[in-house]
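Below are structures written as structure tokens.
Next, two complexes with chain A in common: one pairs it with chain B, the other with chain C.
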Partner chain A sequence: MAPRVVVIGLASDFGCQVQMTNIEDHLLDVLGLIDLTYWQLASSGHLPAEYDVAIVEGAVTTEAHVEALRRVRETAGAVIAVGACAITGGIPAIASAGELADRYGCVYGEGGAEVACGRIAPMPVTAVIDVDYRVPGCPLDTDEFLRVLSRALQGLSGRIPEEPLCAACKTRENICFHDRGELCLGLVTRTGCGAKCVSLGRACTGCRGIAADANLDAAYALLASRGIPAEEFTRRLSLYNTLEEGCDR
Partner chain B sequence: MFFRVMDKARIADLVRGLSTEYEVIGPVAKGERFTFSVIEDPADLRLDFDTTILPPKKFFFPPEERMMRFRVADNEVVDDEAFASPRVLFGLHPCDINALLLMDNVFLGEFEDPYYKAYRDATLLVGVSCSPRETCFCNAWDTDEVHWGFDIFLTDLGDRYFVSVRSVMGAELLDRHVETSPITAEDTAEFQAVVREFKRAFPAKLDTSQLPLLLDAKFDDPVWDELGERCLSCGACSMVCPTCYCFDVRDDLDPDQRSGERKRVWDSCQFSEFSAVAHGQTFRESRASRVKYRYYHKQWGYLSKFERVLCVGCGRCTHACLADISPREVVTALVEGSEAR
Partner chain C sequence: MSTLTVEHVARIEGHGTITVDVEGGEVRDIRMDVIEPARFFESMVVGRRFDEIPLITSRICGICSPNHALTAIKALEDALGVEVSERTVLLRKLLVYGSYLQNHATHLYLFAAPDYVGLPSVFPLAKTAPEVVERALRIKKLGNDLTTLVGGRPIHPVTAVVGGFTAEPAPAQLEAFRAALLGIADDAVATAELFASFEEFDFAGAGEMLALFAEDDYAIYDGEISALDGEWRRPVGEYRSVLEERVVAHSNAKHSTVDGRTFMVGALPRINLSAARLGERARGAMRSAGLSPGSRNTFFNNVAQAVELIDAAERCAGYVERLLGTGGDSTPVPFAVRAGSGAGATEAPRGTLYHGYTVDDDGFVTAGDVVTPTAQNLGNLEADMRAFAPTVADLPREEFLLAIERLVRAYDPCLSCAVH
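So, the complex of A and B:
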């Protein structure tokens, strides 16, 4: 029997799900191997009671999300978290810095707190349940997604690169942003995107999260010695990494 | 070896001529830096370059290389051919030629690597003289000179090149594609003057006295901890190094899961995963031990096997390292003691 797969979206802009539809070249190959029983973006049905693989996009921002995730974990044999929101809290997690209640008003106007009932401070999927596979990035990289999905279907381990981006950036022979006195977050960001942005001339914004191998202490120190104060580095990191450990100096 | 002189303006003839038979690769500008790239127009060739971002190793041992394709159903290898089309690599400095010779010890030694060999056999090398930048320290390892390992070597005499021809193939190509003349005593004297000037232009020579012995004696020196605190574990140093040859091997299935490919990608000993083995043990957990290992391998391990250090003093790692960790600093710390830095 083909594995039954569901795609679930929590708080996000559905960008990763849109990316999944962009895998035109290979979508049919993949669909031929799985029984896609529910895809929030592309179908109007309901989440079935049973499935084998759950692909979860988005950050956790309500109590209902927490409940839903616990059920997903009990039901699915394998859970794949996709995108920055699900893995680091991403952009939604910026709201978790400071007093949450104060923010409702700016978004919903007066009486905002009532509209926003059941909201909790945004956090990643990975803070609520254990996940078996991760596809980081904002949005996810389609090649990496296919590789990870393939590993999930084969029951292989969920390997994710642990080192910073600079090595991949060097293999693309980019001129380092820091050589021009500009801040690039690649020096602490998890690799695996092929240094896309940097190769297209834009400094890395850290969408793949902080690499497990990253040395944040050293990065803060060397940037300070190059005239980039800690607050500026923290501010730039906060786009995707507000909740990542050590990014708050 | 024999020698000729060639008018500098003739380089374009040579490149154009070679292009009829080979893919010609050489240094071209990329912003304020240089890269080895395919030469479409002889005018793009910049033999006055300083150091390329990546060394020529990328043409013999690409950053990502397919080793074979396989079928899942019967576990059969379907394609593991190593193929390389003929090409000429233009503009290698002495350090880069010496680096390839060090790579050969690894890839063409006891266990011959068919992929590297195919590329190496298909490639002719044209060296060119240089002048040291402040990060260069090839003179510390005697890799500022190169006596073999190239087909042609061009020494810049201002308006002309002093051409050293090392191989039969080099002689034939020169003969076929460009006008040169016999050298005179004056040319040789000028060549010697240029070489002397080159040697004088280096910053203070790095003291490497008793380095392997000191590496043994200072295994627990606090310098390693200091370096470990500063290192970002980014691996940039290994990527840009012409003598770093470590790779990881990965199998990826095609989307239809019926076949897949095995590839190798550049790896770095500065990553924690580099020393991870089955069931999750990692032999070099600490950053300090990883930085240390890089130097022990280059300045001790390789030396004990091949009687050369695994560094040619090109300074690429010095330039690439945001944490300002350089072989010059590390060697000085060991030789002179930590206080002297």
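So, the complex of A and C:
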């Protein structure tokens, strides 16, 4: 029997789900390998009572999300968290600072809190349940997604790179932004994207999360020696990683 | 009184529920409850530097991310007094059309078409009508490839910044793409024919229709706000006083009115206002499909999107030719950071998108405002639902709800955008 797969979207731009449909060359092959029993974005129907693999996109921003995730964890053999929102909180986690009530007021004006009820401070899926696999990035990389999905379907271990981007970027022969006096987050950001942004003339913004092997102390010291204040580094790092350790100096 | 609901309406972007109150066999009330939780983007941009804003706002929506990035960039350029090159504008138009190709193909085939052939999703068609699914994927892929060519990846463009682009495609890539664009026009025509062949409800909405309008272009990147019935035009900078937004209890997205009326934005209003500016082949397909400018049938938004696909393919091929044939530079223009306020608008696939920002002396945002197409459409969608429901009330319950869902999907709503 083909593994039963469900796709669940929490608070997000649905971009990772869109990316999943962007594997046009392989989409029909992938669909042949799995029994895609629930995908609200693409099909009518309800989340079934039983399934094998749950793919979860988005950040947790309501109590209902928390409850839904707990049920998913009880039901699914394997949970794959996809995208920065699910793994680090991503962009939605910017709203974790300060009071939510102030944000209601900013967006809806007076009485706004009654409208957007049920919101809680944003957090990643990984803060609510254990996940078995992660596909980092904003948005997810489709090749990496296919590799991780394939490992999940085969019951293999989930592994993502934990070293910073710089080595891969060097092999692309990019000119280092730091040599031009510009801040690039590649020196602490998880590799695996092929240094796409730097190759296109933009400094890394850290969407794949802070690498476990990153030497944050050295990064802060290096930037200080080049006249970039710690606050500037923290602010830039906080774009996708505001809840992460190392983003709080 | 009993209540019918369609929870988590499928094949739309975001989370919404249709609620119908029925009493004595008659529809008493019908609502689109937008349960998608707010992410508070307007509060999240406050305190961030201007160069981070397009990165943040592009995450409002994974489908029209190029529009959110570019609309933010235009508003910030307005605030900072930045004038960009003609070449930059051409490249930006290609980015917008990349999202049209991708969005319209996804909406028409993946979201809308299953309703017309009585299927829960498009996937079973992969076995029974593979040529249709392959055509859908070809158009969608071309859209992604176009966005990738200009922006660096299918969603959340990397290269577009305030002032220009950080990288440009190589001429050989552009040349190859021109052929691909012309090649997809036949697929786009087949799409228009397919949707013209579906039996459509006979329905006329009563709302106003708004879109950007330009004398010399099919306006998707620039133009003035234009009203079909009101026959007025207003500069984008005045959008805040043109549109009235209000908070409603059953929706996390605000509702909008113009001149005291609900209104529709999207492909149908665009064609109603700018049909004469469509390419010849698109105009021909429009006539063959029985779509005449001024149509009030909301369901024709589907076929209008298909007509736009044809226009997009041919228009983009022309833009690529101009990029190849004329020089110019898209390198970000130099500018001084200064305090200011600005507004920008583009036509996203689903309708007019507005952004407005105020920045301080150091370029940090002190206030932000985003008005998305679906948020503008929601009030009109509910007015349509109330007018349409009684005309299908005799259908068996499942068919009745499906008809309402079809109306919702005709708007191609994006509830993540609407709430943001």
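Here is the rule we go by: the second predicted complex is superposed on the first by the 249 of 249 C-alpha atoms of A that agree within 3 Å, B and C clash if a C-alpha of one lies under 4 Å from a C-alpha of the other, contacts with A are read in each partner's own complex, and residues count from 1 in each chain.
Note that in this section a residue touches a chain if its C-beta (ideal position, glycine included) is under 8 Å from a C-beta of that chain, and two chains touch if they have at least 3 such contacts.
Note that the structure is a prediction, hence the values are computed from the model and not measured.
With both structures placed on the common chain, the touch criterion links A:Val72 to neither chain B nor chain C.
Looking at the shared chain after the overlay, A:Asp13 reaches chain C, while chain B stays out of its contact range. Once the two complexes are overlaid on the shared chain, A:Asn22 sits against chain C while remaining clear of chain B.
Once the two complexes are overlaid on the shared chain, A:Ala195 sits clear of chain B and of chain C alike. Of the two partner chains, neither chain B nor chain C is touched by A:Leu140.
When the two complexes are overlaid on their common chain A, residue A:Asn215 makes contact with chain B while staying clear of chain C. For chain A, the partner touching the most residues, choosing from chain B and chain C, is C. By the touch criterion defined above, A:Lys170 reaches chain B but does not reach chain C. The residues of chain A shared by its contacts with chain B and with chain C come to none at all. Looking at the complex, you find that chain A touches chain C at residues 9, 11-19, 21-22, 24-25, 27-28, 31, 36, 39-45, 61-62, 90-92, 94-95, 102-104, 106-109, 111-112, 114-116, 118-119, 122, 138-139, 196-197, 200-202, 205, 235-236, 239. Chain A meets chain B in the complex at residues 26, 29-30, 32-33, 146-147, 150, 153-154, 161-167, 169-171, 173-176, 178, 187-188, 212-215, 217-219, 221-222.
For chain B in complex with chain A, the touching residues are 30-33, 35, 53-54, 58, 63-64, 229-236, 238-240, 252-257, 266, 268, 270-273, 287, 320, 322-324. Interface residues of chain C facing chain A in the complex, by the touch rule stated above, are 8, 10-11, 13-15, 37-44, 46, 48-49, 52, 55-56, 59-63, 65, 106, 110-111, 114, 120-123, 126, 133, 137-138, 140-141, 144, 152-156, 158-159, 161, 166-167, 247-249, 251-252, 254, 416, 419.
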